[in-house]
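Following this message is one structure expressed as structure tokens.
Note that the chains are named A, B, C, D, E, F and G in the order they appear, and that numbering of residues resets to 1 at the start of each chain.
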Amino acid sequence: MIEQLLIYPLLLQMALAIILMFAWNNTSTQKFISISGSTLNLALAVYLLMYVWQNGTQTVQAGNWEAPFGITFVADTFSATLVLLTAIAGLAVSSFSSGSVIPPRLKFGYFPIFHFLLLGLNGAFLTGDIFNLYVWFEIIIITSFVLLTIGGEKAQLEGAVKYFTLNILASVIFLTAIAVLYGLTGSLNMADLAAQVAAVENRTLVQVNALLFLVGFGIKAAVFPLYFWLPASYHTPPSAVSSIFGGLLTKVGVYALIRVFTLIFELDNLLENVLLVIAVLTLFSGAIGAIVQNNIRKIFSYLVICHIGYMIAGLGMMTEVAIAGAVFYLIHDIIVKTNLFMVSGVIYKLKANHNIKKLGDIYADFPKMSLLFVIPLFSLVGIPPLSGFWPKLSLIGAGWDTENYVVIGSILFASFVTLFVIVKLWGEVFWKNGEKLPELRNFPYFKTLTSVQKVQMVAPIVFLGLVSLYIGFAAENIQQLASRIAFELLDNQEYIDAVLNSAKK
Amino acid sequence: MLTAILSGFFFSLFLVFAGKFFKGKLAVLSALVPLGLFVYFASFIKRVSEGEIITQQYEWVPSFGVNLNFTLDGLSLLFSLLITGIGFLVFAYTAEYLKGHKYLDRFYGYLGMFMGAMLGLVLSDNLISLFVFWELTSISSFFLIGFNNTSQASRRSAILALAVTGSGGFLFLAGSLLLGGVAGTYSITEMVNLSPEIIGSPFYLWIVILLFGAAFTKSAQFPFHFWLPGAMKAPTPVSTYLHSATMVKAGIYLLLRFTPVLGGEEIWNTTLIIIGGITMFYSAVHTLFRTDLKGVLAYSTISVLGILVFLIGLGTEYALTAAAVYIVVHALYKATLFLVTGIIDHETGTRDVTVLSGLRKVMMPVAIAGFLAAISSAGMPPTIGFVGKDLVYESTLHMGDWSTVLTILAISTNVLVLYAGFVAGIKPFTGRLPERHSKVHMPGFLMWLPPMILALLGLIIGIYPAFIDGPIVKGVVKAVGMAGEEVHLKLWHGFNFILLLSAITLTLGILLYFLLKPSKKREKAIAKFDFIAPKELILKFGSGVWHFSNLWTRVFQNGFLRNYVSTIILFLVVLVGYSLFNGEQEFYIDFSSFSRMTYYEMILMGIMFLSVLFVVGARSRLTAVVAMGVVGYAICLMFVIYSAPDLAMTQFSIDTLTVILFVLVLSSLPKYLSISDYKMRIIDGVLSIGFGLLITLISLEVLSEPVNKDVSNFYADNAYILAKGKNVVNVILVDFRGSDTLIEISVLTVAALGVFSLLKLRLKRDDRELKD
Amino acid sequence: MKNRFLANILLTFIWVALTGSFAFANVVFGFFLSYFLLFIITRGSGRARYFRLVPKVVSFFFFFSYELIKANIQVAWEVGTPSFHMKPGIVAVPLDVTSDGEITMLANLITLTPGTLSLDVSEDKKVLYVYSMYITNREDFIRGIKNGFEKRIIELYS
Amino acid sequence: MEVLLAFMIGTLYASGIYMILRRSLVKLIIGIILIGNGANLLIFLLGRIAKGSPPIIPGDSKVFIEAYSDPLPQALILTAIVISFGLQSFAIILVKRAHKVVKTDDLDEMNATDEFS
Amino acid sequence: MISVIIAVIATLGTLFVLLAAVGILRMPDTYLRMAVTTKAATLGIGLILIAAAIYFYDFSTTTRVLAIILFILLTAPVGAHLIGKASYISGNKLWEGSIMDDLKGKYRKTGKHVSAPKNPEGENEQEEEEI
Amino acid sequence: MKTIILRTASNYMLPLLLVFSVFILLRGHYLPGGGFVGGLIASIAFVLHAFANGLGNTKNLIRIHPGFLMPVGLGLSFLSGLSPMLGVGKPFMTGIWYPEKIAVIGGLGSALFFDVGVYLVVVGVTLTIIFTISEST
Amino acid sequence: MTLDDYLYYIILPVLSVSILLVFVRFVKGPTISDRVVAVDLLVTSGIGIIAVYSILTHQPTFLDIALILALIGFLGTVAYSFYIQKRKNK
């Protein structure tokens, strides 16, 4: 049974979702199931990564059909790492949701849908089949739609219309790309496609196909000029939802880009330039977008976009160092962004406001909590030696190696703006004397929560904070992981062998 | 040494949890931490002065070549002693200065963190580790400047300071990585040996520019100096410690540290002389226009930092010795002056030098300390300031062609620095004690003793310069790559030209002090020129950036979904279209591979095409929906014709259900109006047709390519034999690719849950505020 | 009880017809399937008497086919020639049939006959509103329906 | 025949995008449905089409005797169609709710979430 | 021989379908179009299906064809009735050559619900939740 | 829409359509059909009934909330995918078959249960969506 | 002339023309009821075309689709008329 270890997280999430649906109205049972299930999931994910680390890439041929005929699930180090990150963020947000999401939403399927989302994320990371990836993307999309709109407030709906349209558009483009890919090769298995695509004579069509994937995934990853759905919507749902969105949703797009452009397509000159130009403009647009915002979650939203630029830049430079940098950044970013949106959620519960102009006093009123919040905030900035710092070493170093000076400049610019924005936010939200905000009668202020709820909200911030600190201070471990991932991505033979020859083993 | 560095951090961490115990009388105990460290570092003086270099090595992130290798040589030792020594006095002083302050524990926490970071900075041999600590000093500085965080001015100053030093930090990072890449190591010790290769590399210029960026921002060189006067918003102990004695000298440290690696080249020396020269004179002049004691001191600090850069730029052994001495001199007297200012501020409640006078009558020991510091800053014998100033003139006079200009510059600067020192150290204590200050009393000894100690030290080592010459200054000079044989510190060089220059300096300075009283009027007058001051220019630039950002963000994130869609489609069409028509393979379509057209297919397509147009042009919602239905049915028939019965069934059922859905909600859907104007329709039409055409062309070219059908053939061959089904499509759905289907029904389930919650979950009016 | 059983048999028969297999197992399965479905959906309302139905259905079928073809030719003439000769209108036809099943059947048969169309049944189920292409005279039209379809339906149901 | 079909697909993509760009909520959904149909047909076409040979193994044989059309794209499209149905249903309701809550049909007026606060 | 029978039946069926098509195009109002088409098409399609049943000549196909015909016979008139009624209620006028309209004025406005013809006794109609 | 005609017709059509939907479901492995189409037809049957008889009556008819079918169906499909792992140690979704042919449905295997699960989910989803919408308009 | 040819060259074209005629009515309207009637007839004619096509391709399988069309197409009509009526009531 250990051979199938890698799909256990999928099975677990699916089982959780189904069980949670049976417990439709019983929110306290749901909380218990969700948190304990997520804990189990974390244990599985840790074990999976360790197992993959020691025993190499693992595969499961679903239905016992050997590749490329069935659907293959693959856990290489990259996938296993992302599954682990999803598990970490998942556990954190599960707990945070238990504490923060208001009962009406919980009674309308919040938790089952949440676990369907985690299922989708895990599936997207683990699948080795391009159409299966599309299906996972769809479940991610539909769950995110529902989580985005659950409660149906005005802002939620307005944001959701844009989110919906543009993500559907991305799916259509993705599907178009799959159609072309299938039309050229007759295959869907990504490992098989590596060889099949290489064998296609018409390289122009291969390039066209690659560009279609680039645009499709680019929308999901929220890169310039395709990111519009993100700032329009991320600040509208409950904070718990924003957290999982901010941490993981765009990263699936990044994952897919990295996977497709290391496994199936080779970067030619055009693609490389396109990626780098996109990266630079993404860094730029995201950064300056964050400067002008006043809503905490909007600031974070733009920073989500901005920092995607780092990863795309790493992919575009396509050296082992660069990819390692991108992967390291991805690891760091998932943890930190999830945490930041949770922080914004706690701040909201404290003051019932998201506007940094109106907020204030938090350092004076909640000093320990503020210091706790410093961890994700400064990790995000990449204050050395916190987690965001290390990948920049790789990225800038790779920039010098490949003589991409504009990329270096953009990375520095984005880092600087991030620093500035976070520091400004700190000054406004934590230091300043805030406005006198009206007391809302029914608002679930933090102080009115039960102590269990308080713990459920703060503990995940502590947990992710500790993970961030681990990433920063034990950067060696993470860098080794990132390097091995980069190595495996660039030398994809192990992946291909694991998928295509596993039946013969 | 790691322990030494970490002790600062541990101390801060400790205060986070045990802070409340340290707000009261126990606070002074925290001074034991720097004191212990001072003793620890002092114990190395002998070994270091004998030329030994003490190293300690710890692994950290070997993958990046980053380690915690610490090196204690003369330069590091000087800085370590300053950091811990002045740290000790400042810690002690603070216990009194902020006695009873609500956040005293925080303050100590930041100070401890800063001390640790600063020690790390000066001890690291690894460039990246050095950078790590470098940034941490900026962060501690940020928290300390913003300590009075409810004041908007404090917050602004903190952010501005961090913005400037932080941007320098990023340049530093880029430079470090470049340098590390060129050298193949991040070890500074190893880089010294590789100096010729580094200087010879094509990246040398880049490296120098980037490191200068770091040093100039941190050490407040023109035009990046402006953050430092703002940093005076911090409580005085901070100004004393960070913004005069230690942190601002990190840039100086960096330049000194890299002199043996990168120095000796013209670009290095010239740039430093010019920037240092401008800085020292420009800011010295500024002291004439300040009335706030801390403002005066801030500008004079910048001026001295300029002098130091200037000296490093001169680059001779004289100059570097002068720099080493000047670091000590300045640390001693400027710290004293700041502490004195702090006392004045603390006791009288004002730092406005125009209203301060006669305070000697109420605080004689403070006045003495101020006086000693002032004469040291003036470079009067027998203070160490005198020794330092002599060395400066000595250095400038050795500069050949430029010696006259440089010397005059140095003299002018020193005159003004003298003025500033007198204004800060003497002016408040002389003259008549105003009525409202008559009740002012002596501060506790914890406050007046530290400046007194520093002032006396300045006097003592002025009289016995050998006290620091051998043990410390020589070490610094050797550490920066000089022989250390040429120059020996002496108080008295006899009557010579340099003494004459000193005399001129003193005379002019004292004259200036008596002729030009600090005045508000002057301060206001200079404010008129603020608009061309670097700070204002940079702030204007910043506001320009803000406006540009605002514009850019509004242009792209303009709120109009249609613009978002058009942008994405345009991007796709241009990119993919470019690729399709400019790729290796010329665009071609192989019509011969296509099947024959039959009339019924054409009719079907015709109907479908017209229906689509009908949908697009329909005036009413229902008509559009009905026409959509026709499109769906046509597709269904198409699936029949092209051998896909399962698809036909599914398409038809789903189409019907979609129609039902529409019909059920149609009356609550908005009216079906044509809102967009004619021009938009044309533009959108062109874009859409371009997009559609692109898809058509791509698909035709793909169809002209051969395709491998192994996978499908496998399904067909094994559907019955292995999977026991004859409808291959269904076998694929439930077996070969059953995982797709499992997720697909999950998608459906979630969609249904979504519909359910969208329609059933209505927050009641009372629940509107129930937010999460 | 009886009705349900009959419905069950009928559905079983349809099942067998659909699957095209008279195999015993298939019949049994069909029976249980129908039983199960009926269990789900029936709510004790009265159903028609199926047994007596069959022979009447057959004779009725021929009658109906005749009507259908006759009317179709009439309509073909109308449609196929250039000018219109029709005199259309809506007629209220009083009903003698009472049960829902009978009314529905009558209405459907009228509709299926070319040239006529059942538009609605009054709330009290006493009047059927029929649209027709050829109305020479209201009474003749009503009589035509009452003596034709309605009579036969009453026979069928009795 | 492929040419006509390709042209039809292009038409569906074009009209889909055109409708999405029309500012109206209902047109938006119709656009999404049209373009979704286009994508499905594209998979169908690029999987190569064949007339009159459904991928169903005839009565008593165990394998295909005659030509059969590629079953895989059909299975993919079936999945895609069903998924689209789920999304479309949700979209229709989303639009209904949005219209009711925001009280406009004009997408141009639905930009509060993009406004700077 | 079988082929000829099939051809003849199919031809007949097709002609009826054509008839319906011409009818729907030519007839001057909605009711006439409905009156002409429902049955013509039903008959036509029935015939074509019978042709198919004869062609394949096996039990399952035949039963299936019969099922289709049955379904059409059941649904087509109901559909026509529904459209006709809806059309009338929505105010679709009769052709100008019409000679009588017994339904005129039978649909009343009740504010919420207008679909039922007036009945003389004025019974309380029970409101049902309808979709 | 209160019409006797539609109501009566729909009462005949409901069982017909349901039988037909099961037929389509069961034969899916051999001929066109399967869980999706079967489920869609079954839901259409109920929707038709609801159009004719009012939603309340249809709901009474079904008794359980259709939404309940979703976890049930999903669970069934999931378990049938899981069964080879638990039963015979084969990978997830491996088809396991009862060796003998069974009357009516042909081969009996996990794929059939899977398809039944799909059927239930589709019915549950469609009815949940349509009923919810009807109730809210 | 074989049966297939007859169907292909005579029957199917006539059915196609019929469908075109119906489609013209669909486009012309003028009322929504006319369109619905036209769609209804389109579906019905579609059943005929499918039946002929299944003979032409010797695939009885296609008759199943005809069956579905017959069953389900009706529901579309129900829905439209429901809407037409409801719209009037508003």
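The working rule: a contact is a pair of C-beta atoms (placed from the backbone, for glycine too) under 8 Å apart; a residue touches a chain by one contact, two chains touch by 3 or more.
Quantities reported herein were computed from a predicted structural model and do not represent experimental measurements.
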Required steps from chain B to chain E (each step between touching chains, minimum): 2
Intersection of the contact lists for chain E and chain G: F
Label of the chain whose CA centroid is most distant from the centroid of chain B: C
Selected pair, greater C-beta contact count between C-F and B-D: B-D
Centre-of-Cα separation between chain D and chain A, whole angstrom: 27
Between chain A and chain F, centroid-to-centroid distance (C-alpha), Å: 36
Length of the line joining the C-alpha centres of chain D and chain G, rounded to whole Å: 22
Approximate Å spacing (C-alpha centroids) for the pair chain B, chain C: 85
Touching two or more other chains - residues of chain B: 550, 557, 559, 561, 565, 641, 645-646, 648-650, 653-654, 656-657, 660-661, 664-665, 667-668, 695, 699, 702-703, 707, 709, 711-712, 715, 726-727, 729, 733, 735-742, 744, 746-756, 758-760
Residue list for chain G, restricted to those that touch at least two other chains: 19, 32, 36, 53, 61-62, 64-65, 67-68, 71-75, 78-82, 84-85, 87
Multi-chain contact sites of chain A, meaning residues that touch two or more partners: 14, 17, 21, 62-63, 71, 131, 135, 138, 142, 145-146, 149, 152-153, 161-162, 165, 169, 176, 179-180, 183, 188, 231-232, 292
Chain-to-chain touches, reported pairwise for every pair that qualifies: A-B, A-D, A-F, B-D, B-F, B-G, C-E, C-F, D-F, D-G, E-F, E-G, F-G
Interface residues, chain B side, partner chain D - complex: 550, 554, 557-562, 565-566, 569, 591, 594-598, 601-602, 605, 608-609, 612-613, 615-616, 621, 624-625, 628, 631-632, 635, 638-639, 641-647, 650-651, 654, 657-658, 661-662, 665, 668-676, 680, 684-685, 687-689, 691-696, 699-700, 702-703, 707, 709, 711-712, 715-717, 719-721, 726-729, 732-733, 736-737, 740-741, 744, 747-748, 750-752, 754-755, 758-759
Touching residues (chain side chain B, partner chain G) in the complex: 599-600, 603, 606-607, 610-611, 614, 620, 622-623, 626-627, 629-630, 633, 636-637, 640-641, 645, 648-649, 652-653, 656, 659-660, 663-664, 666-667
Complex contact set, residues of chain B against chain F: 645-646, 648-650, 653-654, 656-657, 660-661, 664-665, 667-668, 723-727, 729-731, 733-735, 738-739, 741-742, 745-746, 748-749, 751-753, 755-756, 759-760
Contact footprint of chain F on chain D as seen in their complex: 54, 56, 78, 82, 86, 89, 93
Chain B-facing residues of chain D, complex: 1-15, 17-28, 30, 33-34, 37-38, 41-42, 44-46, 48-58, 62-64, 68-72, 74-75, 77-79, 81-83, 85-90, 92-97, 99-100, 104-108, 110-111, 113-116
